[in-house]
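One chain, chain A, appears in both complexes that follow, with chain B as partner in the first and chain C in the second.
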Partner chain A sequence: MFRHLFTLIWNKKKQNFLLITEMLISFLVVFAVFTLVVFNYRNYRKPMGLEYENVWVVNYNNTLKTTNADSVMLFYEGLKQIIKSMPQVREVSYTSANIPFTQNSMMNGLDYKGKHINPNYCQSDEEYKNVLQIKMKEGRWFGKEDMNVSKRPIVINSTMKEQLFGKESATGKLIGDSKDLKIIGVIDDVKMKGDYTDAGAWLYVKIDTSSMPGIGRILVSVVPGTDAAFESRLYKTIANTMKDSNIEIEHLTNKLKDINYFALVPMIILSIVAGFLIINVALGLFGVLWYNINKRRSEIGLRRAIGATSGSVSAQLVSEALILATLSLIAGSFFAIQFPLLNVFDLPAGVYLTALALSVVFIYILVLICSLYPGRQAAAIYPAVALHED
Partner chain B sequence: MLKNYFKIAIAVFKRRKFFTFISLFGISFTLTILIVLTAFIDKVINDNYPDRKRDRSLYVNKMTERGDQSYNGEALSFYFLDHYVRRLKTPVKLAVSSDYRGTNTYVNNKKISISYKYTNADYWDVTEYDFLEGKPFTKQQIANAERVAVISADIKRAYFGDVPSVVGKYIEADNVQYRVCGVVKNVPVTLYMLYSDIYLPYTVSKTDYSSNTGYRGGYYGILLAASSADVPKMKKEFEQMVKKLPMSSKEYNKIYCPAETFIPAYLNTGNEDKSGLVYALTAIAIFVLLVMLLPTLNLININITRIMERSSEIGVRKAFGASSQTLVYQFIVENIILTILGCLIGIILSLIVLKVLNNASLIPNLELTLNFTVLSVGLLTCLIFGLLSGVYPAWRMSRLNVVDALKAQ
Partner chain C sequence: MIRLQDIEKVYRTDTVETLALSSISLDIAKGEFLSIMGPSGCGKSTLLNIMGLLDAPTKGDIRIDDQKTVRLSDKQLAQFRNKKLGFIFQSYHLINDLKVLDNVELPMLYRSSTAKERTQLATEALRKVGLSNRVKHFPAQLSGGQKQRVAIARAIVGKPEIILADEPTGNLDSAMGNEIMDILLQLNKTEGTTIVMVTHDENMARKTHRLVRLFDGSQVQ
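On to the complex of A and B.
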């Protein structure tokens, strides 16, 4: 049966070659779209890991004339107390510019037992965890006891822990080139770059007196229902305390919307374009198959005349189309499988494999739909009429 | 002869309406994508509002200092532009402006997010903003550090509402009151070197602009030559100046700071080895190839089918002495007629899509339009399409054997 079908396909190799190429390229386009969709969807399913409603970000720049580390620290501690004393404010935290939901990234290379990773490097303080309501997985967050210790305390996230230590506990381990960073805790993964991007590896260090002048963000969590009137008061308070600084207040909810938009828009545009390409291809396939079948009326008529049922005729034509699809899918999968093998875009292999499976199913369904109607039409051919024509 | 081909073509299109529909659908849709893409690129890089003197300008927007271990790239410092670039002899004017930064203002308990930018007086001569009212601030006002501001039409509406004139009124931004001295037409944010909601004199900057005596900071420069013929000379002089710059620190051994015309500067990545222009072109080429490849293959398939269907017609013509060349020519003409039809539908479709996109205002103030460049790109694509999808089937057809062709039906 298959041998016979292959012979039939081989006899028309020139025309079939074009059809196969077309299916192959459609497969690659569908694969690209599915990879993106699967990746975004998997990330979307994961918990956010932080509370962003009612959290505001204050952008400022350090313009203090003094360079004395202690007086800088004293000034900002004072500012923190002023903000915290306002009735609508729950918690206040200083942090570096890579706050949640910004494109801003700071990465530092790190080696540990032959593994090289590039974690995001975030500076924060004791209240950071409470402002964003991050959950601890093991160990603890920064506290007062971290003052004046010889090894610099750091907190890492689950992804980084997985990368460095696998299943082992990370608390208490020393890392860094000169083993001067001591892990005191591991937090649950937090999607810092929005709903559709994976967490990545994160490393948190406590802001110390020397790094305070480089800090430019304050995270403020407020009670629900706080309005713009209070925001304006908060703004005036900070602006009057730091007269020379440029102040901007943003809301994490808006920042999340913006960063999600950046992830979604390319996917939507790509899906629309791919959708139209596929419709185009489907119509083309349909037309070509339909025409081919019409050309083979006499062959089909002969088969019917010697006793083939209408079902077997239609099955033959549909399976011919499906074999063509299989040939192109084998070639396509060969290209697609290179992505997880060569680890091209640093995505998990599972994403590629799911996308691969989905695209294979998609192309089969597409070809099936396009060949069913022509197949049924062929089955309806009366042998007497078909043979008479010739 | 052409008229005959045209008549035959129309007859053929009418005979197999389904195939005609598929072909037209493929062509017009592909063209729509390409036209929208071109309109976007054209708008972002070719629209010369507000910097209309692009042909005699060079843009400096980034400096990268490299060492064996370190790599730092950023916009320029005011000091660098004022001390090194201003001393060049060829430029007649030097526009200096900061990058745009964000702040808030609160009117009637409503929050407005504002971006602001510091500029010098020459900025207004080098660029040609359309002033809806008022005028730019002057050198004198800058020297006196007067708190004056040029605002955009958007901010005027958001802050003051629908009032006829706001010149002389005060606008509060970043906790400071500025007197409005002019209102300009909006600039889309994609022109990141020129976009802002409020333009302020650099002397009122809260951060002390003169204290940073390093090379890097948050400022851009536009160098204006007396004529476009002077631009290469200006570029050379700038390069010479950069070459002579002393290293700012021992960790660096190389400074990369090009003065470029608008497009290369717009795409400047700050890395000599990775030209942004090459990146952008590769990305666009891959996208276009993908978008065009599938419909082309589809068209070739359909065309072959259509030709085979007409094999008896071809057989008769061949039998009566038509050469292969004539047949190929006829078929290509037919195909080009079809693509041009598709092209027309595509242009109508793109007009609709552009209208929808503009109304959705994905990027505020970015009005996409069809213009001559965009249309000619569309036409060119059409021709390529018609030729690509016509040549191979036509060649197949011309090789048909007369006897086989006649026997087929």
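On to the complex of A and C.
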């Protein structure tokens, strides 16, 4: 019977080509959506890696007249102490503008043993890890012992460690063009760009005195339940210390909401577009199958007359649709498999393969649903009636 | 071979009821060649469809080979049609997307058979109707008479005991019609196949063993 169906499909290759193309296009669209969904979902399932509730961000700009590094440092250390002495404050840290949950990025290429990566550069201080409650995977975070050392101490995240060293330990390794960066520790991955975005590679350096004027963020972790009244007190305290600076206080929880929204909007838009496309394709498929079956009423009647049961007639029509689907899925998979093979968007291969499997199942179900009803309808035709019409 | 008892067929649509057949009783012996005649719309096709189990009578009883056919399941009916009956239609009902050989093999697909057996039987059937040189053609590339011969080959490929032919020569000129008629007569004579044929042609009918005339759904002769 299968050979017979293939003969039938082959002899009608012109009509079937259109149907296969339609299924192929819908497969590719579905594949794109599933890739995005699977990727987002996998990221979502990973731990955040930091504590963001009750962490506030102070944005400021440096207004100090002096450029003397020591007096700059003295001033900002003093400010830190003032903030930290407030009873509601747990920890305070200075950091560069690429704080958690912002679009701000600072990236720099880096080569190591023939590998080229593009990690995010974050400037931070000894308290940064505690403010965000980041966990160490190996080694340690910055401390007092990092003063006056010849190699610049850095901390990297797990993603970067895996990219450069695989399963090996990274602590103690020297990297950078002139081997002047010394890895002192590796932290667990932190989803710096929100729930739905992967961590990426991160490299943390300690703020040095010369770069302090360029720093513009203070992370403040407060005790739970701290209210707006304290926020305005904090604002006033900082404003009084830093005359003429533009100060703004934000909450990480809000920033997370914003950046999550930002990540989800393209997926939602794409899903809506894909939804319409799929409805379109489903109606198209349904229409074509329905049309085919009505055009083939006399064939159906004839098959019934020579010994086909109504069940085998509908099975035949559904099988034909599924064979066409299989042909288009083979072609579609060939295209889809190029993405992990050529590493087009730098996504893990597992994401593509999961999306591929889901899309295949999805298209089969779609085709099955679209062909089941016309198929059953065809089977219900009385042979005498079908043969009568000509 | 075929026994019809008190067959009645009423077609009901929303607005009208058509009495297509009323109290038809007919006995057709094994090996008999019977023709059915009558004016258009008198119920000839309806009667043939009921004999061929393509349509159920409203009332009455059909026995084929001494077997009751009412109350057979869809699957049993399909088996019955496949093994015992062969159909020939006025408009051939070939599948245009299949080559001649594949068309003839069709009935064998619905019983257990190997591809080799199917090809062998279909080739033999095509040889019997004189179309051995057209196996790779598509129906569109054949003349009407050739198409009807393909249809006959398809009807006889499974070696059924009964062939039901509804105006098999209706679309053909008299020369081609005679060719088809000769094939049927030959089949009846050499293989002993029971044939029931609907025709409008007195000359054709005269060549058969017996003639049944219908008028307005009733048997008049």
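Going forward, the second predicted complex is superposed on the first by the 389 of 390 C-alpha atoms of A that agree within 3 Å, B and C clash if a C-alpha of one lies under 4 Å from a C-alpha of the other, contacts with A are read in each partner's own complex, and residues count from 1 in each chain.
Rule of thumb we're sticking to: a contact is a pair of C-beta atoms (placed from the backbone, for glycine too) under 8 Å apart; a residue touches a chain by one contact, two chains touch by 3 or more.
It should be emphasised that the depicted structure is a prediction, and the values quoted were computed from it without experimental measurement.
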Quick check for you: in the superposed arrangement, does A:Lys236 touch first (chain B), second (chain C), both or neither? first
Report for A:Lys179: first if it touches chain B alone, second if chain C alone, otherwise both or neither. neither
Taking the superposition on A as described, I'd like to know which of chain B and chain C A:Lys135 touches: first, second, both or neither. neither
Which holds for A:Lys257: it touches chain B only (first), chain C only (second), both, or neither? neither
Between chain B and chain C, point out the one touching more chain A residues. B
Chain B versus chain C as contact partner of A:Leu387, first or second or both or neither: second
Would you pull the chain A residues touching chain C in the complex into a rising list? 1, 3-4, 7-8, 11-12, 298-299, 301-312, 382-384, 387-388, 390
What part of chain B is in contact with chain A in the complex they form? 18-19, 21-22, 25-26, 29, 33, 101-104, 106, 109-111, 113, 174-175, 206-207, 290-291, 293-295, 297-302, 304-305, 308-309, 362
State the interface residues of chain C toward chain A in the complex, per the touch definition above. 45, 49, 52, 54-55, 74-75, 78-79, 81-83, 87, 89, 91, 93, 95, 97-99, 102, 106-107, 109-111, 115, 138, 154
Can you name the residues of chain A that touch chain B in the complex? 15, 18-19, 21-22, 25-26, 29, 59, 61, 63, 227-229, 231-232, 235-236, 239-240, 244-250, 265, 273, 276-277, 279-281, 283-284, 287-288, 291-292, 295
